[in-house]
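One chain, chain A, appears in both complexes that follow, with chain B as partner in the first and chain C in the second.
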Partner chain A sequence: MAELNSKVKELFEKDLIDIFIGYEEGTRNPRPYFAYSAQDADNLVFNDKCQGNLAVYLTRKDLVGGKRVGISASYFALKSISQLFDENQLKEDLLIVLGMKEDGSILEFKGLDEIRTYLSEAKAPSKQKDDELLKELSEMSQAERWQFWSDELSKCFKCYACRAACPMCYCTKCIIEVNRPQWIQPWISTQGNMEWQINRVMHMAGRCSDCGSCGAACPIGIPIHLLTHMMTKTVAANFGESNEQGNVLSTFKPDDKENFIL
Partner chain B sequence: MNNEFEPKVVAFVCNWCTYAGADLTGTSRIKYASNVKIVRFPCTGRIDFMLLLKAFANGADGIIVSGCHPNDCHYTSGNFHARRRWILFRSLLDFMGIDINRIQFSWVSAAEGAKWADIVNKTVTNIRELGPYMEYRRAANFLEANEEELTKELARNKEEEVKHG
Partner chain C sequence: MERKYISQDSLKTWLSKLNDEGKHIYAPVAKGDKTDFKHIKSVGEISMEHIQTTQSAKAIAFPRTEKLFSYTKNKGDVSLQDYDSSVIPETVVFGLHPCDAAGFRPLSNIFNWGTPDTPFNERMKRTTLIALSCSQCDEACFCTSVNGSPGNTEGSDILLTKIKDGYLVEVVTDKGKELVSKYENLFDAAPEVNKEEFLANVPQKFGLEELQQRISNMFESEVWKQQSARCLGCGACAFVCPTCACFDIQEDNKGSKGSRLRCWDSCGFSLFTVHTSGHNPREVQSQRWRQRLLHKFSYMPERLSVRGCTGCGRCSRACPVDMNIAEHLSSISKLENVEK
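On to the complex of A and B.
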């Protein structure tokens, strides 16, 4: 921990950054924290209780617009950062990334290439619980799955916390706010809630870092991160794991395999 | 009056292959099920997945999505892009328990009039067996159902209040 504080302090003292995005101690769990000076750096923490994906703040213009930004990034945040670079949302010379390893040590990245190399070698943290739930669901019959998801999604009251927590949901105008034509009913109904989640997951396809922040952000605990988790797995199974696959839905291979088109 | 269930099937087809193919079915005077309503798109790449959901929400019992065979796209790659989208979309729907047996994907070229008739007939027969797709439509009414429950509960509470003064 002290390593992180002294490192960030150094960055501020050398005047390399204007803002550092990290976590501070919260009431129960650590919460996101923005440090603006060397003194602020003392408040920073990083441990396995840190939830969410800090990369979400990198596209908030009101927060970081034009500023030199430092960030403490988990494995998943690194994946999101790499994807945001792919989508031309970040500037390399305005960003200093400190990778936080699970053993608490810090990786200082000198640019995007190093992040990519690290990601291609590092192992993703295991998601045993999600995998088990996924297996349970896929072994159900279609009717049982419908029952499960319509029950779960009937509770959703469309607060869009899942959208706010997601680093990939940075559109300034979201499809849910488009009302000519109105693609998704804005009021609360199971069907509209489903349509919203289907849209969210389809728009995340191949871009999602599978961090699970959407599920963690849901105030009533609907396991929507299972949808993105499943989508990540489907993408990997059909189009390969590699990060060089490009943006899955805006590219193609003539020999993509499928078994349902007559 | 005939009370047998007549499926409503919406077909989303591309202008260059399947629409022309369906035209050929007509000019060849091949008879096929009249349950299908064809919606013409410039390309399968244009067929947004939301359109399929909207069709189900607005009363379709089955859907056909059809376009040019791979490598035959008028715009070179629209159908390749569409294919990727369908692969992911279909597995997502399946995971959420939405009935993917009601969506038939196919490639029908402008020369395959007979294949089009065959696909429509097969889909209509299939949907006739599956019956009307009420689950998805009913999900739109969830709040109304909720409200009924809520009114009952409120009435019960009021009764209790009266009872206990």
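On to the complex of A and C.
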């Protein structure tokens, strides 16, 4: 951790950044923190209790607009950053990324290519609790699984914490808020809640980093991150991994499989 | 106020009998690591171990989605079906804490500001609150900082306090008396106990007077920007809050039939104040965060004579980025250079 603090201090002292996005100690777990000076850098922490995906702040114009930004990025945040570059949401010369390895050591990336190379070789951190629930779900019959998700999503009250916590949900106007025509019922009902989640997950196809921030953000504890997780796996298995040329929903190839279209 | 005693077993019998009468009983039910109010079928489902339910009990009187009226169009004619209060069941909310029971007063003042709100009032009329004092608290609790307490009777119809093997019963209102007198034989005389000894010790986090002196005079303060920097702009805090009452009106229209719905909304959403023209008077999150705190601690006390916060701490627990409200209020209460 001391390595992170001194590195960030150095970035400020050399006048390379205006703001650094990291974590500070919070009530129960660390929480997002923005350092604006070498002095602030002392407050930064990074450990296995850090939740959420800090890349979500990189598209917040009121926070980072026009500024030179540094960020401490977990494996998943790195994936989101790479994806945000693919979608032309970030400028390489305005961003310094410090990759945080699980053992607490820091990876200094010189540009996007190095991040991509690292990600192509690195292994995703394991998620034991999720794997257990996924196993349970995969052993259910389709009817049981439908019942599981109906019960879970009947509890959803559409606070949109899942959307707010997601680095990929940077639209200024979300489909749920479009009302001419109104595609999705905005009020709370089991059916409308499902429509919302299905839409959210669909929009993540080939873009999701599988960080699980949506599920972690849900105040009711609905494991909605498993939906995006399965989507990521299904899309990769059927259409391959997305790359800088685009993702499954933003590209078209004449030889794309169409056998799933009814 | 009448004081009685009920044993653990008699409490179960009492609730079962109320259930058998046909009353809808909402009580905390645990699932995984979350506990929430649920319409229970049997008393065995009730969880008494939790510190706080994830959501407040406000949905009893202010449902997540409420049908205000419906309509049918037939050629040129429109027939209206008004709000039907006859379908609202007699309801008992059991096991809510004093901070939740206290939350119904600010809600009631909002829904009766100007025009009395029929759905809210009709639901409240049929609802009896059997609250439970807190014997434990966590780091998010701060009722004692906003004039509440873990054994506060305000807002409850009946307040139970766990004493050894049973409960001290404080019958606060006539509604409460009705539920007790019907099953008088289940209750005993109250023992001579000091209730305070059985309550959680909720530390005071800030001085209310210091806070009130400052908060109404700091609309232009830089503090809002600093505090809200990490806020993601979701509605989790508002939706779990026992006093947040913002709503949106939506039309559920299918062909020539439809209904008008009132559904939960939040001042934290960026779209909450967008005008038809596209102009948004609360353009950035700091303005929305300011609105949230000022509404609760300045506008409501000034206009409705009640604070919009009972110190339940739910917003702090629900926030994905740890916007700890007590911590923020505490730092405001210590600010210097604010015109008082």
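Keep this in mind: the second predicted complex is superposed on the first by the 246 of 262 C-alpha atoms of A that agree within 3 Å, B and C clash if a C-alpha of one lies under 4 Å from a C-alpha of the other, contacts with A are read in each partner's own complex, and residues count from 1 in each chain.
Going forward, a contact is a pair of C-beta atoms (placed from the backbone, for glycine too) under 8 Å apart; a residue touches a chain by one contact, two chains touch by 3 or more.
Keep in mind that this is a model prediction, so the values were computed, not measured.
Colleague: Superpose on chain A as described above, then tell me if chain B and chain C fit or clash.
Modeller: When both complexes are placed onto chain A, chain B and chain C end up clashing with one another.
Colleague: Once the structures are superposed on A, label A:252 by its partner contacts, choosing first (chain B), second (chain C), both or neither.
Modeller: Once the two structures are laid over each other on A, A:252 reaches chain B alone.
Colleague: Who contacts more of chain A, chain B or chain C?
Modeller: B
Colleague: Touch check for A:161: first (chain B), second (chain C), both, or neither?
Modeller: A:161 sits against chain C, while chain B stays out of touch.
Colleague: Now for A:139: first (chain B), second (chain C), both, or neither, which partner does it touch?
Modeller: Neither: A:139 stays clear of chain B and chain C.
Colleague: Contacts for A:199 in the overlay, against chain B (first) and chain C (second): which applies, first, second, both or neither?
Modeller: First partner only.
Colleague: When the two structures are overlaid on chain A, which partner does A:150 contact: first (chain B), second (chain C), both, or neither?
Modeller: The answer is first: A:150 touches chain B but not chain C.
Colleague: Determine, under the contact definition given at the top, whether A:187 touches first (chain B), second (chain C), both, or neither.
Modeller: So A:187 meets both chain B and chain C here.
Colleague: Who does A:231 touch here: chain B (first), chain C (second), both, or neither?
Modeller: First partner only.
Colleague: Can A:261 be said to touch chain B (first), chain C (second), both, or neither?
Modeller: A:261: touches chain B, not chain C.
Colleague: If the two structures are placed on top of each other, which part of chain B overlaps chain C: 23-31, 113-121 or 149-157?
Modeller: Only one listed stretch clashes with chain C, namely 149-157.
Colleague: Just which bits of chain A does chain B share with chain C as contact spots?
Modeller: Comparing the two interfaces on chain A, one with chain B and one with chain C, the shared residues are 185, 187-189.
Colleague: Spell out the residues on chain A that touch chain C in their complex, using ranges where they run on.
Modeller: That would be residues 26-29, 31-34, 51-52, 56-57, 62-63, 155, 157-161, 163-165, 177, 185-189, 213, 216-217, 219-221 of chain A.
Colleague: Across the complex, what residues on chain A touch chain B?
Modeller: So the residues of chain A in touch with chain B come to 137-138, 140, 142-150, 154, 183-185, 187-192, 194-195, 197-199, 201-202, 205, 227, 230-231, 234-235, 238-239, 248-254, 256, 258, 260-262.
Colleague: Across the complex, what residues on chain B touch chain A?
Modeller: These residues of chain B touch chain A: 49-50, 53-54, 57, 70-71, 77, 80-81, 83-99, 104-107, 119, 135-137, 139-143.
Colleague: Spell out the part of chain C that touches chain A in their complex, as residue ranges.
Modeller: Residues 32-34, 36, 54-55, 64-65, 139-140, 229-230, 232-236, 238-240, 248, 250, 252, 261, 263-264, 266, 269, 271, 284-286, 316-322, 324, 327 of chain C touch chain A in their complex.
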